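Consider the two complexes below, in which chain A is the common component and chain B and chain C are the respective partners.
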Partner chain A sequence: MDAGRLSRIAAVAANTHREAVRERVLYNLVFFAIVMILSGLLLGQLSIRQDEKIIKDIGLAAMDVFGTLIGVFLGVSLMSKEIERRSLYPLLAKPLSREEFLAGKFLGLSFTLFVNVSVMAAGLYATLLATGRGADPALLKAVLPIYQGLVLVVAIAVLFSTVTSSALAAVGTVCVVVAGRYSDVVRNMRDVVPDAPTWLIEGLYYAMPNFRNFDFKNRVVYGDPVGWNDIGFVTVYWLLYLALTLGAAAAAFRSRDFH
Partner chain B sequence: MQSSSSPALRIAGLTKTYRLGLTGRVTRQALHPLDLEVRRGEIFGYLGPNGSGKTTTLKVLMGLVRADTGTVEVLGLPLADPAWRRRAGYLPEHPYFYDYLTPAEYLGYAGRLLGLEAGLIAARSDELLRLVGLSDSRDVPMRRFSKGMVQRLGLAQALLNDPEIVFLDEPMSGLDPIGRHMVRNIILGLRERGKTVFFSTHILPDAETLCDRLALLRAGRLLKVGRLDEILSIDISHFEVLCSGGGAAAREAAAGAGAGAAREIGERWRVEIDESALPALVAAVTAAGARVLGVQPVRESLEEYFFREMGGDTARDPWTLGD
Partner chain C sequence: MRRRTPWLLLLLLPLIAGVQRELDARLGRYRATEEALFVWSGTAVRRMAPGLENVMADLYWLRTVQYFGGQRAFDRDKRFDLLEPLIEITTTLDPRFELAYRYGAIFLAEPWPQGAGQAEAALRLLEKGAREMPQSWRIRWDAGYFRHLFMDDPAGGARILLEAAEIPEAPYWLRTLAAAMKSKAPGERGFARQLWQQIHDEAEAAPIRRNARLHLDYLDAADRRDALQALVDRFHEAQGRWPRSLAEVVRDRALLTDAAGVAWDYDATTGRVRIARLSPLWRLDRWKAL
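And now, the complex of A and B:
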């Protein structure tokens, strides 16, 4: 990849991150901090081992939930705004290809999520230390897959934003994320609709990214060892779905008329 | 092949049909086969009523809309070659730039996309913000900008790379008289420096004042291309005759010769007459005791021409059901 292309992608990514910061999207971190402080204070009464698990559990769950909300919001709004407000018109008239714009946008959003998750993880560790518990490095084995899941959420939001309006993109993204978190329900659809063809059920099951694969929260909190091979498997799975989602987004964006 | 002798812009057989709805059955042919050539160093006006295809043409050129058929060359390079984009500028219609950025930040962003060095971006930004009258607002977030200020910044970003050709879509839109005067001067300054300016507008006096050549577009079809005098010369349809004296008898004689009602201008009066009846009118009013002070051929203004040619078309619903 030539330096010019990299520079253009980096410029779009940097501007995307700047937009997220200046539009006060990262204010969600304040809510996260409040949740963590309150949980630390309220659970201080419980027994030593119990409250540590609860703080970790609440911290990771809040990271996942806040992160998903912010991922959907960021992915849809920052991409759709470029199209709906036509701010990308003068940009695409410059030597910036649509693929470069999309890549820059995605990387900027992913970096913003990285900052989000990093600050939230730091908040979780700070709460543990402030309430007299140790900083368990194993927590990172739950945090990394949470981040990977959030990046996938952003990729799905970007895909929907390239083909439809912001409102429909938000609905579509939430549907896919919810279906992906409860993919077992899709697989067990036969129990509810016995006549549904197997190919359809299996097709839906495999087409939806299974967000449960990124959920190591319980295993980490309850001390169940998580090997790097588990993380490696999830990373391959993540990269595969990212490639498919972004490839589809690039194809849709490339053929879209802006009128 | 790139060549400085090639036209600044060459469009051949360009067509575009928009399809609406899920089935795509509702269609509108925005551009019928369009052929156009813009010479280097000229100010070229692209005129037409709303829905005539001006913005579609510009969007095709900028890669925002894909044409169905046709070829386009800009500065001697094919449309798909991104190299010409480094040497071109574009101001979209009703531009929007990010609310959260300042003009200096936006120009910095645009400059990076153009591949300009940081020092050059800073120098050009200062120069252009001064040119468009935004020096005092260079560090003010654009959410505080008026429509006219946004338009001025749009012009600045279009000129950031000192382009050889500039595409301006309704550049006077949203500007007050001072802003319009400024844009006119900038456009004329670009021509003095040998740049090519292609601009679409529906503000006809601007086109009349600025353009070396212009094209008139109606319902996606090119109606006429040429210099203003070439387009309007065929339309000298009547003469104005300025007279004095002669009293009511001379005025009656003029009416008898086929002139319209006389308009009084102090001690003088003026009538309009077709060319064929002009000698008879002059003879009649002179015989009635009036003095003919002057005979002036009246050339149709661009505005009159525009309304005559376009008027019937602007209200037509352009959407049709396809096959």
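And now, the complex of A and C:
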């Protein structure tokens, strides 16, 4: 990849990040996530000797849930806005390919998510330290896969916003994310519907993004060993799925007629 | 008028506080809320929140604690109808929530009105915990203890404690507890004696050895007391009255004292033979909970 192309992608990414941090909704979501993480302080007190577990559970769940909301919101709004407001047209008239624009948008959004997740993780560590608990570095083994899952959410949101309106893209993204969280239900569907064809179940199971893969919260909170091998395989899955989603988004974006 | 509006609004605040005070006085400061459980199955709740099972378990556990505390402290009728389903949902959402099993069992087993008075439900919960967490000796410890304390089954309790003692990292005192529990079970003293003898012989620390010796003495005393009680009962059957003193039924003076050398506490009006309060063995006889 030549330096010019890289600098164009970096410029779009930097602008996307700048645009994202101006969104008020983003701050509201991060604020609520931090409040929820801090609420672990209070809830832990009510729980009878389970404060550390509850603080970690709530902190990681807040990161996951609010991160997903931020991912859907940013992924859909920032991409669709460019198309619906037609601010995309002058950009594409410049020496900037559609793929470069898409890659820049995606990287900018991913970086914004990285900052948000870092802030939330810092909030979780601060809460743990405030209660006299150690800053457990193993928590990062849950935070990293959560971040990977959120980036995948953004990629799916970007894919949908390249092919449809912002409202439909938001609905589509939420549906795919929820379905991906129920992937184990899909896999065990034959227990409920014994006549369902295997090829259909397996096809659905492998085609949908499996968001359960990114869920190490339980294992980390209970101090179970989480090997880097496992995280490595999850990362490979993540990269492959990102390549598929962004490839499809690029193809759709390339073939879309904006006139 | 526009300038006065904020001041007028401020005046509303004390008015609201006054009405609230009146409502508190009429309805009570702590008003019991109508408790309802819309979803009764942990599996159903699990299905609703994929990936968030643990945090849902935490929330259900907090609700369980609040519900139990609320019923115990404020409710006049003290019904604990939702306690078992709430704990069931919590432990289904997070099957490794050890404290939910342990404290949940206490909430369930404690006799009404301190708790729900549902000892069988408490044991079911602990059995579920033991299935889900086979490496947790603490849950089995509780199960053994509860079986003895609430179900009056010391032999069953001791059996569970011995199972717990087999778990890696389980403390050695589970065996001593099992032995002590066995001492309480009729017909189990021989086994208890074996266990205490083994503890006595293997213990390196003097206090543990002394404690085992005390329990062995207690077992001897319990045997001797039961034998004396049988003699007293037989005397009552034959003579139609209770003996005036134990010397009336026992010739051997050595049998008139327990293994610690303290005379028995004999009640000539009821014919009951007991270990005397002065005896160091009395504590073990009285200590049902061990």
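What to note about this one:
Operating definition for what follows: the second predicted complex is superposed on the first by the 235 of 259 C-alpha atoms of A that agree within 3 Å, B and C clash if a C-alpha of one lies under 4 Å from a C-alpha of the other, contacts with A are read in each partner's own complex, and residues count from 1 in each chain.
FYI, a contact is a pair of C-beta atoms (placed from the backbone, for glycine too) under 8 Å apart; a residue touches a chain by one contact, two chains touch by 3 or more.
Every value quoted in this text rests on a predicted model; they were computed, and no experiment measured them.
When both complexes are superposed on chain A, chain B and chain C end up sitting side by side without clashing. In the superposition on chain A, A:61 makes contact with chain C only, while chain B stays out of contact range.
Applying the stated contact rule after C-alpha superposition, one finds that A:253 touches neither chain B nor chain C. Of the two partner chains placed around the shared chain by superposition, chain B is the only one that A:97 touches, whereas chain C remains out of contact. In the superposition on chain A, A:15 contacts chain B only, with no contact to chain C.
In the overlay built on the shared chain, the residue A:211 is in contact with chain C alone; chain B does not reach it. With both structures placed on the common chain, the touch criterion links A:238 to neither chain B nor chain C.
In the superposition on chain A, contact is made by A:85 with chain B only, not with chain C. Of all Cα pairs spanning chain B and chain C in the superposition, the closest are 30 Å apart. No residue of chain A lies in contact with both chain B in one complex and chain C in the other. Considering their complex, residues 43, 46-50, 53-54, 57-58, 60-61, 64-65, 181-182, 184-185, 211-212, 215, 217-218, 221-222 of chain A touch chain C.
If you check the complex, the residues on chain C that touch chain A are 47, 50-55, 57-58, 61-62, 65-66, 94, 96-97, 99, 103.
For chain A in complex with chain B, the touching residues are 4, 7-8, 11-12, 15, 18-19, 22-23, 85-87, 89-97, 255, 257-259.
Chain B contributes residues 18, 56, 59, 62-66, 82-83, 85-86, 88-92, 94-98, 100-101, 109-110, 112-115, 154, 157-158, 167 to its touches with chain A in the complex.
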